[in-house]
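Each of the next two complexes has chain A plus one other chain: chain B in the first, chain C in the second.
Presenting the complex of A and B:
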């Protein structure tokens, strides 16, 4: 299955997921929401990614069950396990937006008259993360070669990973922004898109389902609480 | 040679100086420049001479994106550049940047090529035509619908040119476009530039490598410390005495006249022996049955087209990846993957990802806790880094970072050192410094393997070549008397 939704539909799902993740406290509701998000991804053709997300989420769910609300050592306090699961769900909701053609994103933002203060950072972010991903593998390779990656000193290892990635990320962000500016991303006039931007019937259906699911979860949360 | 004097000016600099925010000195000072319509101009000079800043002033990024302070006046197509908003300059000046990885926004080629046109509101009905034309002009039909990320640097550079081309600007600005390209791709870039020139576009290129531009450029401007010091025609550049060229620190304009001093090697100790090596990603074979030997004191240039497996071989040699078949012997002993790090160290191309310390000195301390202050200072002096020892590695220039990664490799001191494109984006003086140092290490008995597309560097540095012909064949040959062979190997895809 490979249903294509409009960017606005995907944005709505992200916003609704963020609000649910922020409000839901019941573990059962969080786990079922994970199932709902998986269906949302699978119908858009992200089957393989869904399996990966579910495996990672599964690991953290098991860790939470093992920890019994006490956390696992100083490295994984309960709050960390609680947060990671929720962050992963937000990433799942954002998955269909990652890798979208930038022209489509910019054109939709222009169409809905989104302020540049929101539209431009979101457009940069969509490109930024895939670009930075390859930097991580180079950092890990170099750390292994220099024998600086050690489980005995996890905080040092973390610092060695984060430092170059932050510096490189800021440089990539600057270069990406310079490239985009020199190619007219800030043009205040009309932006077009080589793909048709249409809010179709399937988008309406998806939006209605997403809103209904969100309302249902809010009601259930109040009931459970 | 065309006479441009009668043509209209498209870019004029009148006593222009520029300073980046927070900088202690001006990056360029008192520049006067008049670029005529259809002219092909090359800016050259050592690292940090101000050539990139000059290109940023032309495409408006220096003043409006980096928000520096400009004095003087720049006129672009008859109007002061300060009167144009940045997005308006982008329609008239197309920019192709040095690092292809950080200038793309889309993941698919057509989306990327259309991006500029979409931003300028080109009607939907026209977009596909513009994209198709841009693809045709780069002979890029085979690149249609492809993912950009896995492409070679040469293909990415083509897409970058096509993306600018689709907007159809009058002026093209290239910032070190050959820095990440192999010689075959440089030849393709040269043909693209020739076509742009024949269509009447004005072209400005900031570049260290000059050999491919002598048949294209109308003028070469030599910059030093932010000023234009000299101006040459291609004929003047080609006839420049070798001593002067080396003294001012620019790279060879004619690759046939490089002074080489091929290092000798004692064919005594075999330090590395590779027998029938094979590797594949999932079911896709990268190479199979690769065999060669390396001796103490060898400086081997590893060459072959992109994707043939040069980096993979290096990763296997230092234990970062596992071979599918074959044997790797260090000093005659079969060494398992986990222990190869003790014998071979790999300096990767991406220097930013290899530096982890808070200062240059701490970078050495990370792998040399037992070292003395004197030892560290000596090493930093040898690499010309002593005066920056308190600086954070991220704030160093590209050449300094490259030297620091080499200093770290000296510290780790494995008998075999592998380097991936160590001269990418380096000026002549830094290239020479690295070349001399590698030769000195080889003299001490280290075996050095260098993945490179840089003919000038390989000819000046190495004594042997390992050429990956295709996935099943690799050949080695001595460089003594075989420079034309090295050249033809680098030029064929």
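Presenting the complex of A and C:
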């Protein structure tokens, strides 16, 4: 299954999840919300990522159950388990936005008249997020090969890691900016997009479902609490 | 690598790209660092922001100097406000937004973004806002914080540390010191590598 939703629908789901994550106190409601988010991801074709998220969440749920709300020794306090679960839920809700093609993000921002000062950095940030890990792993691999990584000289190690990462990131920023410029990102005229950006029937259905689920969770939370 | 100094006050696409990409790098580094150190409750409460201020300083200083015009401090904090709102609850958004406005105001004047002292001041403000966000949850947003379903144990520990002047001062002072130290190290890196290569003028 691979249903594509509009950016605004994905944004609504993020905001609703944020409000639920901020309000839900009952463990059982939090765990069922994880199930709902999994379905939301799977219908958009994020099956593999969903399995990864569920495995990590499963580990933390088991740890919470074992600890009985007291945390696992000093190394894993309750706060850590609590925060990680909630952050994972937010990451799951944000996954469809993180995976969006930059062209679509730009088109959506133009459509909703978002200020360029925020819209452009967010676009570049979303474009770069998936590759940050590989940027760092390349640098670490290179440093390991030269045997330059050492805990004995932390400041030197910091310099060896930070400098190439900054150089590479800066170069990528210039390349991405040049690429965006060549496609007319700063053209003051009307922008068109190859992708169809419209709020379709499926978006309406998804929004109604999301709002209904949120209301249901609020009601259940009040009942349980 | 472009070696031109940014001219004019208008944001270019390149400036937006630099801010966006360096914000992404800083978020990822912070997330990894917080996950690694999050296992220790005491460290998370008192020294998390201090360590982040040291580790992230080179990226922030480079981002500010590369852009060289007003905006990076505010945009960086707005991004943080969005992330904090998503991760910790919407009540945190005004806290980081306010911090961003103060950090940007500290950069008033011409060429502030090329002056390491001014950049350091804005970084110290940003770091202190991050260090104090946990305290603000207890001091100003207690009801909203309790409504997030946070455990009793966490509220007790947070209240214990963040209402004790000794721990509050320790956390804020260490954060400020490490933020300044981070900026000093960053300045050395800028002079040693990035000015020499022409990446920054």
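Criterion: the second predicted complex is superposed on the first by the 162 of 225 C-alpha atoms of A that agree within 3 Å, B and C clash if a C-alpha of one lies under 4 Å from a C-alpha of the other, contacts with A are read in each partner's own complex, and residues count from 1 in each chain.
Quick note on the criterion: contacts are C-beta pairs under 8 Å (C-beta built on N, C-alpha and C of every residue); 3 or more make two chains touch, one makes a residue touch a chain.
Just so we're clear, the structure is a prediction, and the values are computed from it rather than from any experiment.
Visitor: So, does A:163 touch the first partner chain B, the second partner chain C, both, or neither?
Guide: Once the two structures are laid over each other on A, A:163 reaches both partners.
Visitor: May I ask you to decide whether A:147 touches chain B, chain C, both, or neither, giving the answer as first, second, both or neither?
Guide: Touch status of A:147: first partner only.
Visitor: In the superposed arrangement, does A:107 touch chain B (first), chain C (second), both or neither?
Guide: The answer is first: A:107 touches chain B but not chain C.
Visitor: Report for A:185: first if it touches chain B alone, second if chain C alone, otherwise both or neither.
Guide: In the superposition, A:185 contacts both chain B and chain C.
Visitor: Where does A:176 make contact in the superposed view: on chain B (first), on chain C (second), on both, or on neither?
Guide: Touch partners of A:176: chain B and chain C.
Visitor: With both complexes overlaid on chain A, does A:43 touch chain B (first), chain C (second), both or neither?
Guide: Once the two structures are laid over each other on A, A:43 reaches no partner at all.
Visitor: Could you tell me which stretches of chain A are touched by chain B in one complex and by chain C in the other?
Guide: On chain A, the overlap between the chain B and chain C contacts is residues 123, 127, 135, 159, 163, 165, 167, 171-172, 176-178, 180-181, 185-186.
Visitor: For the complex, give me every residue of chain B touching chain A.
Guide: 59-61, 64-65, 85-87, 89-91, 93, 95, 97, 99, 101-108, 110-111, 114-124, 127-128, 131, 149, 163-164, 167, 315, 318, 320, 341, 345-346, 348, 350, 352-356, 358, 366-367, 394, 408, 412
Visitor: Tell me, which parts of chain A touch chain C in their complex?
Guide: 14, 18-19, 21-26, 30, 69-71, 74-80, 82-84, 86-87, 90, 94, 116-118, 120-125, 127-129, 132-133, 135-136, 155, 158-159, 162-163, 165-167, 169-174, 176-178, 180-181, 185-186
Visitor: For a test of understanding, state which residues of chain C touch chain A in their complex under the given definition.
Guide: For chain C paired with chain A, touching residues are 1-2, 11-14, 16-25, 27-28, 35, 38-41, 44, 55, 58-59, 62, 66, 71, 75, 78-79, 85-87, 89-91, 144, 147-151, 153-154, 157, 185, 189, 193-194, 197, 199.
Visitor: Spell out the residues on chain A that touch chain B in their complex, using ranges where they run on.
Guide: The touching residues are 99, 101-103, 106-107, 123, 127, 130-131, 134-135, 138-139, 141-148, 159-160, 163-165, 167-168, 171-172, 175-194, 196.
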